[in-house]
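Below you'll find the structures, each written out as structure tokens.
The following pair of complexes shares a single chain, chain A, combined with chain B in the former and chain C in the latter.
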Partner chain A sequence: MGPAKATDSKRVVLRRSTRRAILIWAFLAPSLLIFLLYRILPLLWNVVLSFEAWSPLKPAVFIGLDNYQEMLFDDDVFWQALWNTFGIIASAPIGIAIALGLALLVHSHIRGREVYRTIIFVSYPLMTVAVAIIWRWMFDERVGLINYAARSLHLVDKPIPFLNSFTWALPSVIAANIWQMLGFYMVIILSGLQTIPGNLYEAAGIDGANAFHRFVRITVPLLKPSLFLCFVIGMLNSVTSFDLIYVMTGGGPGRATEILITYIYKLGFNQTRFDYAAAVTVTFFILLLGITYLANRLSGGNAGAVERE
Partner chain B sequence: MMRQRRTWPIHLTLIAVSAVMLLPFYWVFKTSISGENIFSYPPNVIPRDPNPFYYVDVWYAIPFARYFLNSVIVSTITITANVVLNAMAGYALTQNFRGKGFVLLLFLSCMMIPFQATIIPAYLITGKLGLLDSYLGLSLPLFSTIICIFVYKAAFDAVPRSLIDAARVDGLSQWTIIWRVMLPLARSATATNVILSFIWSWNNFMWPLIVTRTPEMQTLPLGLARFLSYQEDSTGALYAFCIMVLAPGLLLFLMAQKEFVQGLSAGATKG
Partner chain C sequence: MDRRSVLKMGAAAAAATLSQPAILRAQSSKKLSILTWNIADQEALFKEEFAEFKAAHPGVEIEWLDKKGPDLPAFYQTQLVAGTAPDIVDLQGEIWVEWAANGALLDLTPYLQADAEFAKLFNPDYMSGWVYEKKNYLIPFYVAKTLLFYNKLMFKDAGLSGPPASFDDIIKFSEAMAKAEKTGFITLNFDWLYWPLMKMNGIELLTPDLKKPAFNTPEAVAVVDRLAKATASGAINKIAWTGRWVEPNGAFSSGTVGMMQAHSASYFFVKGQGRWINRDTLGAAQAPGNWSTPTNHGFAISKSSKNPDIAFALIKLMTGNKWATKFAGIRRVLTANIEADKACLASLKDEDPLAHAVLETQLEHTDKMTGNWPLANDAQIKDAFWPELQNGLLGRKDAKTALADAERAVTRVLRRS
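Take a look at the complex of A and B:
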């Protein structure tokens, strides 16, 4: 960098800190652009679209709350989908409870625990479409394994058409969802368990606390952040398990397994009602935020702090 | 400590759970090589007369190679973009700069927006960009993931300050330090990024369903769902297809299980 050259001297004037700032923002820019383009902008667009009457090829007209009014008062399918979504959200704690039990078991000093961990976790990273096909067939009325087992054990007289029954379709889908999420929950809980110092249990043992007390007084409180995380991620995963429902039931029979995300898809891409679908999307999003906030409060309110280090 | 306790009830429980986790796979695999329990009731546990007939059948019934190629291309683009973009953003976040709090807040709030809740505008945006039915359009929304950015950030944070200072004293440029010192030390973060972005793009279903128009652009999950819709439910070919689709993910997982689990829990707790 010879100071004799005019262009170079200009570069020297650019202070080191400024150059650093430029580098940092240049590094952040591509990611920020992606999130702007595919998270922030869609969110805002959804909000705007939900107050409009619009379809491709037609100019948008501001119609105020009409979409929301239709959704809340004239749309039975929306309510059905909303309740089903709640049902799926409510199923997340069941999965987490099972995973907690399993995590405690594989956390103990037994032989082969690595193998068990692998087996329990293996379903999580697999393609949900394929998992849905497998479970669709497990629940099958004529050749499904579950009906075969139930009949062999004389639990039922005639096969249950799980996925074609209004009563059983949603629980069946939920079961498949839990089956796939179980390993994920377990891994998160295990990493939480590893942070609990062992001498805490020893001290409690000396004080005469039995296993149940140790679990309630030590394990659960110290695992709260992990459990909260499981719930939030599990909830997000479950309510967006579009592929599972699309393949297993398509939302049917009737609307028995319709959830908000499948309904939004159908509204948008089967009926080309983008504006109305946007109103449902906004409601869906507010619902998710509300539940996350509630879960955060219930977990003691400090889980977010732990999450942010 | 529970060391003195008898362990057989634990083993019994875990074996039962393992059976529940593995049985579906076994049954599908068995059907894919024998196709028998479709017609026979009660089913046999051990496959009788196993043969690769259904795999060959699938190969000729659908453009498997095409789906596979599409999936590989989309996944490769996604993985490359993720590693580059996330490493850059992760590195930036280890530095102190004005507006860092804002960026962190932005990232954390973006994490709360599930992509599925943005599909309609995302579709319209992709259309405006002219990327519908293209490889770039298929992979663009997954180009950067917040969890993976934080995985890189944590790995870069763990690089000792003194090492970077020493490198600087030696006259290495910022760029060389990142390339020659930080990235090699963050190898496990890179592994996590590769694995997670592979799984996400390989398994992705909803976005390709929306964005692809022509059968030539369909990825494996789409091909599988399509095959399901025009084949009778219970054919061995469908399950052979399932196995063929599951195999790559399964293999990768078994090979890099440690990195996978580590990355997932690190990403989840630090993100």
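Take a look at the complex of A and C:
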């Protein structure tokens, strides 16, 4: 092959790859544009707003770190909402543990397992508002099923005001949240279980490993990616479960079920403090980034990466 | 056809096309938009009103939009920011003050001064509730204030003959009626509707200049303490401090609560749910001291309105004698329009004596309304005060600590403002 022919061939390859790149960007452009318009720009504007004093009818004034100072040193509600948010995040592993148990159950050879899978999964596609209304009635002090059952079984003398009690309100909301997510967790874990080769269990059995050891040494390590996925989705779902809390308790009683996302909404739309709400939002965003980074590190550091053959 | 002719025809066609939107724009400059709050059920009436208005004002188009309870404030705010606020907006409670103070609403005082006859149509006490810094921002659409509903059957069982005359009575009566599932008292708590309980004990939220908290007094500590103890004992229903609308009204309509402090709109809710309710079993009275908290609806005009005069004319029509009377009759509400309310009460006297008794309370002691302070930061103060008071009422903190914490929180809001 002469040098001229080689150069031509390179040009053709280059032209082809340029055309290909243009085509790819052309397909990506609408999505990227929407992402830029509806995610990146509002996020950047939100950051700018957090350093300003602004209300819908007044021009913005730069105030530096005043909003952050108020949030960190002068706002008890922020701290209460932050702790409640952590409480809700911490509940994700409980849901995952329950879902793991259920997944193992419906992965075994019990009769009617398909039916059980469907029943467990059905909570997930339900609208969160519907879930919140269902559980609000379930927890109702006067006509709720849970109180009725507890009293019928003589477990309690007086009905428990689940959603009106400082002690019970947050656990009640967490229970509803876990119930809704169970189906999702179960499906993810179930798909993970189905990818574990059966011969590993056979080999372990031959080596004398009992069921517990097989679970701890084979099932759990190989399920790690699925469990991590459940944790990240569950955590994000929990901290953004605005509709569930808004409908079930509205953040009350007092601030017992206030989480950052409900507090941000109230600051913005009830109190018209969009500037301060922006500062809380930035903090919330940093918190989410931090937790996701930590979770990613714990799972080996390459979660979400596409492995090439 | 030569090139010049083609160009000429093209230019003429373009000019014709461009001139058409100009005409349309001129027409649409008479377009009025009106946003109402949770009253979509009155569509037929509004349509009649709009038809009459359009007949009197040819070329005016009216666009009507209704938003449900919690949606309206957020919606209106976004419209304000976008510069597309509706010309007329129906606002409830004290939410209007913040928007008036921030320049979103038009001062209607000049319109009322220019049309004194129209201003005279309304109850002056209700009218004065729409004043901020000596300017009137709203015209009453429909009004309601709190009263004390009481369950005569439970009163009879407890040996009580009539409604309570003092705060002491409220507590004592509640204790007398509380047994097993039954509780003695409940109140609605949103929009300061519980404040008559404080006011009847001489407790003020803020100093007269509205600049400092005034509620953290030994008297207030004693009141909160008594309310908390009565709540813990079951004399006062806990839902009083935790529910919003459905829960307390539902509890009272179940027939297991002796008294309920709520606004007149609650009557229609509890009547619809409580089979026990009739003229012999439900009583309607003023709260002790005759104090009440209003939750009124009024029409305001957005300052950004391009047609404020036409907007005011529409408000005039909708709140004037003819349509206010019709609206009050259909909806069984009072409108603060003196003639319309008289007609409504007269028709209810025989038709529905119980509703008549309830609505009658709304026109009594209108000079003793509380909880309707003209505060530009009302929502923020409410949000700072209420959760701390809740802590005290539900026993999470003792009364003294709860009020001290509430004072700190409210002071912070006032200082920031």
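Points to keep in mind about this one:
As a working rule, the second predicted complex is superposed on the first by the 278 of 309 C-alpha atoms of A that agree within 3 Å, B and C clash if a C-alpha of one lies under 4 Å from a C-alpha of the other, contacts with A are read in each partner's own complex, and residues count from 1 in each chain.
As a convention for this text, a contact is a pair of C-beta atoms (placed from the backbone, for glycine too) under 8 Å apart; a residue touches a chain by one contact, two chains touch by 3 or more.
Nothing here was measured: the structure is a model prediction, and the numbers come from that model.
Looking at the shared chain after the overlay, A:Leu155 reaches neither chain B nor chain C.
By the touch criterion stated above, A:Asn164 is placed in contact with chain C alone, chain B being left untouched.
In the superposed model, A:Phe269 makes contact with both chain B and chain C. Of the two partner chains placed around the shared chain by superposition, neither chain B nor chain C is touched by A:Leu65.
Which of chain B and chain C touches more residues of chain A: that partner is B. Judged by the touch definition given at the top, the superposed model places A:Ser55 against chain C, while chain B stays out of reach. By the document's definition of touching, of the two partners only chain B reaches A:Ile133; chain C does not.
Residues 142, 269 of chain A lie in contact with chain B in one complex and with chain C in the other. For chain A in complex with chain B, the touching residues are 20-21, 23-25, 27-28, 30-32, 34-35, 37-43, 45-46, 49, 102, 105-106, 108-112, 116-123, 125-130, 133-138, 140, 142-143, 145, 148, 152, 179, 182-184, 187-188, 190-192, 198, 201-202, 211, 225-226, 229, 233, 236, 239-240, 242-243, 246-247, 261, 264-265, 268-269, 274, 277-278, 281, 284-285, 288-289, 292, 306-309. On the side of chain B, the complex with chain A involves touching residues 1-3, 7, 10-11, 13-14, 17-18, 20-25, 27-28, 37-38, 41-43, 85-86, 88-89, 91-93, 95, 97-98, 103-104, 106-108, 110, 112-125, 140-141, 143-144, 146, 149, 174, 199, 202-203, 205-206, 209-210, 220-221, 224-225, 228, 233-234, 238-239, 242, 245-246, 249-250, 253-254, 257, 260-261, 264-265, 268-271.
Partner chain A is touched in their complex by these residues of chain C: 73-74, 77, 80-81, 98-99, 102-104, 238-239, 241-244, 250-251, 254, 377, 379-380, 383, 387-388, 390-391, 394, 396, 409, 412, 416.
Against chain C, in their complex, chain A makes its touches with residues 55-58, 70, 74, 76-77, 141-142, 161, 163-164, 166, 250, 252-255, 266, 269-273.
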